[in-house]
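We call the chains A, B, C and D, going by the order they appear; numbering starts again at 1 in every chain.
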Amino acid sequence: MKKLIDGPDAVVADALRGMAAAHPGLRVDVERRIVTRTDAPRQGKVGLVSGGGSGHEPLHIGLVGLGMLDAACPGEVFTSPVPDQIQAATAAVDGGQGVLHVVKNYTGDVLNFQMAAELAGDDGVDVATVLVNDDVAVEDSTHTAGRRGTGATLFVEKIAGALAEDGAALKEVTAAGKEVVERSRSFGVALTPCTVPAAGRPGFELGDDEIELGVGIHGEPGRERGPMRGAAEIVDVAMSAINDDMPLQGDLLVMVNGMGGTPLSELYVVFADVERWLSGRARITRSLVGNYVTSLDMTGCSITVCLLTPQLTQLWDEPVNTPGLRWGC
Amino acid sequence: MKKLIDGPDAVVADALRGMAAAHPGLRVDVERRIVTRTDAPRQGKVGLVSGGGSGHEPLHIGLVGLGMLDAACPGEVFTSPVPDQIQAATAAVDGGQGVLHVVKNYTGDVLNFQMAAELAGDDGVDVATVLVNDDVAVEDSTHTAGRRGTGATLFVEKIAGALAEDGAALKEVTAAGKEVVERSRSFGVALTPCTVPAAGRPGFELGDDEIELGVGIHGEPGRERGPMRGAAEIVDVAMSAINDDMPLQGDLLVMVNGMGGTPLSELYVVFADVERWLSGRARITRSLVGNYVTSLDMTGCSITVCLLTPQLTQLWDEPVNTPGLRWGC
Amino acid sequence: MADEFDAGIAREWVRVIAVRVSEQATYLGELDGAIGDGDHGGNLDRGFAAAVGKLDRTTDSAREVLTATGGALISAVGGASGPLYGTYFRKLARALPEHGGASAAELGAALQVGVDGVRALGGAAEGDKTMVDALVPAAAAFAETATDGLPAAAVAAAEAARRGADATVPLRARKGRASYLGERSEGHLDPGAASSALVLAALAEVVGG
Amino acid sequence: MADEFDAGIAREWVRVIAVRVSEQATYLGELDGAIGDGDHGGNLDRGFAAAVGKLDRTTDSAREVLTATGGALISAVGGASGPLYGTYFRKLARALPEHGGASAAELGAALQVGVDGVRALGGAAEGDKTMVDALVPAAAAFAETATDGLPAAAVAAAEAARRGADATVPLRARKGRASYLGERSEGHLDPGAASSALVLAALAEVVGG
C-alpha cells in the first residue's frame, strides 16, 4: 500500500487538520471530529447535520457551508460516526428551529444516528431524519437491510440545505429531503478496488478484465461481476437499472461521480454516453461531473439521477459555498 | 488496462462531447477541439488562450470561463495541440486588444504555440506569450530544454485571467503572468504511474515500495527514485527543493494538487504537513487542495507555491466561473 | 470458581473480552471482509479497548461496571456492532441488582434482557445471520442451567453461543451489510455471531467454568 | 533507378515513409518511452497518415508535394516532432525548383536547407541527441555524393543517417523531453534520430538505391 499519509490510524485526524488549515471559513474540531460552519448556530435556521464513514470526500466534510450542511461528522474510514459526536454536532448547529439528520442507509449509520437523535431529543433539540437509500443495485425488500445510500446524499444535502438557508421550517426541509430521495436513484461500477489505510490491502479483488457492476461506495459487491466493456455499454447497464426502477422522463439532474481514482476525462466520456442514452426519453437540465461521493482510490464511477420539479431545480440553483461545491457566491 | 472509454483514440473527442453536454455555458467545438467562452470574443478585452496535451483535466479545458481562459486547445493525450487549432482559438477570442498564450515549457508546446503565434500574427492579431516553467525538479540550465511547466500554469491562468477581465492591456496582462511564473515553484511526487489510453499500459514502472520524486505531469522521471515514506517526509523533500530554489517568506498561495488517482483525504493530509513545514517561515494566506493539474490516473501529488503580493492576492480573489474553479459568482 | 457475578468479575469479563478480541481481531476482520466491509475486528478492538479504559474501578456494583462498558462501546465503535453491543451491555446491566453482584439466575435473566435490547434496536430475528443467532441460544442455555451454578451456566451459554454462531454459516443474511450479498452471503460465518461466541466464552473463562 | 527527384517520386517517398513509420510505430514508441513520453511512434504515424491523405496528386511539382507534406505534419502531429519534421519538409520543399523535379545536386542542397530549418526552430546542435544528429550527416553525405547520381547519394545519406542515429546512444540529451533525464538519458537511442534514419532510408528505397 502506498498512500500519502502519516500513519494509517491518523488519516482522519490529519485530513481534518489539513481542512482546518485550508478552509478558514470552517470550524474544524479535530479532537471531536466535527466540522461546522463558523456562523453556526444560526438563530431561526434549521440546522443540517450529516456524517458517515470517512473515505468518501468531499462528502460530507467538504460539503459544509452556506446553503448546504451546517455540520458534518466523519467517522473512521468507512465506519459511521458515534452518537456522542453526532449529538455534539447537533447541539452545535441548533438555532432553535430543530436539526435535520441526513443519514445514508447502512445499519451502522442508522443506529448511531438514531441513538444520537435520542440523545439530542433528551437535550430538547427537535431532530428529524431523512434516510437516503438510492442504490438500485441492491434488492429492496424486507429481507435485506434495504438499499444503500450513495450519490443522492449530495442532492439531498444541497436541496434541503438551500431550503433551510431560505428559512423554511424543519417539517418542510425534511419533506424536501424525502422528496429528493423518492425521486433519485443511483448505480455504481468499480473497475478496481480501494484500499482502506488500516487494512493495507485492497478490500476485494477484480481480475484484469473484470468489473463489479452495482458496487457500493465501500466496495461492497453489487449485482454481478462481469467482463470489462466500453463506457457506453457500462452506461447502458447502469441507466437501464435506474430506468427499470424509476422510469426516466422530464427534466433530470444527473451526476456522473468518480469513485476517486478515475480521471475527469473518463467521467466526461461517461456523461456523453449518459446523454446519448437519455436522448428521446428525458432531458438533462442540471448536472455534475466529478469526484463527489468517492471510495478512496477506487476507479470507476456512479451515476445518480433525480427527477426534477421546478421547485427542486430552483433549490439546486441557489447559492452554495462549500469546499466541494460552490456557485452563486 | 481498464478505463471508462469508448475506444482509446476517441477519448479526447468523447470527453469534449461530455463537456459540451454538461456545460451549456461553454462553446465546445468537438471537431476542431476548441473550448471557448460563449461570449467570446469580448470586444476590448485581452483574450487568454492556453492548451496542451489532454490528460491533465481540469487543466485547461475545465478552466475556460469568466475570469480565466477565453479558450483552451486540448491536444491528444499528453501531446501538444497543433498550430491551426491554436490559431483558430486565438482568432475566436481576439477582441481587438490582443491575445495572451499561456504555454507550458515543453518543446512540443513551445514549438506549436510559436507557429500558431506566427500564423495569428499574419492574421493581424497581437499575440504575447507567457512561458510557464515552475518545476524545480528539473535542472535549469542551457543544457536542457529548461524546467517543465506544471501547477503554476493554473495560477498564471487565474491571475492573468482576472486582470484581463478587469480590462487591462495585453502588456500588463503578460507582465502579471510573467510575474506569477517568476514567483512560483512546483515539485511533484508519483506513487504509481499513469496509463495513456492509446498505450494501454503504465508509462513507467515503480516497485511496491518505491516512489518517483520530482516527477513531471506526464510521468517523466525526476530527481530520484526512492523508497516509499510518510507524507511528512515527502513534503519535506518537496518543500526543501522549492525553498532551496526560491526562499519562502511572506504570504503564500499554496496548491496541493492531486495527480488524478489520489483521494482528497490524502491531499488534505499533505496540506497539513505543508502548513507545519512552513510554520515560522511563511504564512499560507490562499490555498487550493484538490485535483487540478492531473496526470490521468497517476497517484501522488504536486505542491506549487507562489509568493504573493497584495496585487496578486487581489487578482486571485476576483470572481472566476469555470467548471474546475469557481468563486465570487 | 465464582458463585456470584460481582463487580470484580464483571471487570475481569470486560478485560478478557478485550484481550480475546484483540487476539482475534484479524480473524474477525477476515470474516467481515468476506461478507461485509472487513472492519468488525478493528471496530470491537477499538471498542473494548475503550471499555477497559472506562472501567469503573471504584464501584462494587456489576451493574455500574457494565453500564460504563456499554456506553464506551457506543462512544468508540461507530459501526453497526457498536450500538448493538453497547445496548446489549447497557440493557443487561440495568437488569442486574442496583448494588453488589448478581446470582446465576439474576445474570441469566439479565442476559435475556440484553438480547431483547439487541433485537429491538436492530430488528433482527433468529435466522437473519447476525449476532442474535449466538446471543439468543446463549441466554436461553444460561437461564436453563442457572440452577447448576454460575460456572456451569456460563459454560453452557458459551457452548450454545458457539453452536449458534456456527449455524449461521449456511444462512442467507437478512440484516446488516451482508444482506446486500443475497445468496452470496451463504457459506460464511457471520462475524458478529463469531464475536458473540467469543464474548460468552470470555464469561465462562472468568467465572472459572 | 531514378535520375530526377520528381513529383511522383516525392509522393512515393511520403507514402513509403508512412508505411515504414506505421510498421515501426511500436518500436519508435518504445524508444521514446525509455527517455521521453512514448508517443513518438503514434505521433509520426498520425502525421504521415495525414500527409498521405493530403498528397497533392495533380501537381508535377515535387516542391508542392512536399510543401503539403510539411503542412500536414504540422497540422496533425502536435508533439515536438510535428513542427520539426513539418519545417524540415516545408523548408526543403521551398529550396526545390518551383516546377517539376530536382536534380541530385538540387535535392542535396534542399536537404541541407531542411536541416537548417530544424536547427533554427528547435535550437538543437549536433550532439544534443536529437533528430539533428541524423539529419545533418545525411544532408552532408547526400551533397558529397550527389555527383554519383540520385540513387547513390540517397544510399549514402541513408547510411549516414543510420550511423548518426546510432551515435546518439551514448550521448546525454540536451534538448527535448529526454534532457530532463540528465545522465539517465545516456545509453538510449534517440527516437527522433531513429525516425530520421527511417525517413532517409525510405528516400533511398524510392529512388531505387
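Basically, a residue touches a chain if its C-beta (ideal position, glycine included) is under 8 Å from a C-beta of that chain, and two chains touch if they have at least 3 such contacts.
This is a predicted model, so every value here is computed, not measured.
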Other chains in touch with both subunit A and subunit D: B
Between subunit B and subunit A, distance of the C-alpha-averaged centres to the nearest whole Å: 29
Cα-centroid distance, subunit B relative to subunit D, in whole angstrom: 32
Rounded Å distance between subunit C and subunit D, as computed from the means of their C-alpha atoms: 78
Subunit D, residues touching no fewer than two other chains: none
Multi-chain contact sites of subunit A, meaning residues that touch two or more partners: none
Chains grouped in pairs wherever the two touch, ordered by label: A-B, A-C, B-D
Residues of subunit D touching subunit B in the complex: 29, 33, 36-39, 42-43, 46, 74-84, 121-122, 174-177, 179-182, 184
Residue numbers on subunit A that touch subunit B, as the complex places them: 2-7, 11-12, 14-22, 54-55, 57-58, 62, 191-192, 208-209, 211, 228, 230-232, 234, 256, 260-273, 275, 284, 287, 289, 291, 294, 296-297, 299-301, 323, 326-329
Sites on subunit B touched by subunit D in the complex: 53, 75-76, 78-84, 106-108, 111-112, 114-115, 138-139, 143-145, 148, 196, 198-199, 203-204, 216, 218-222
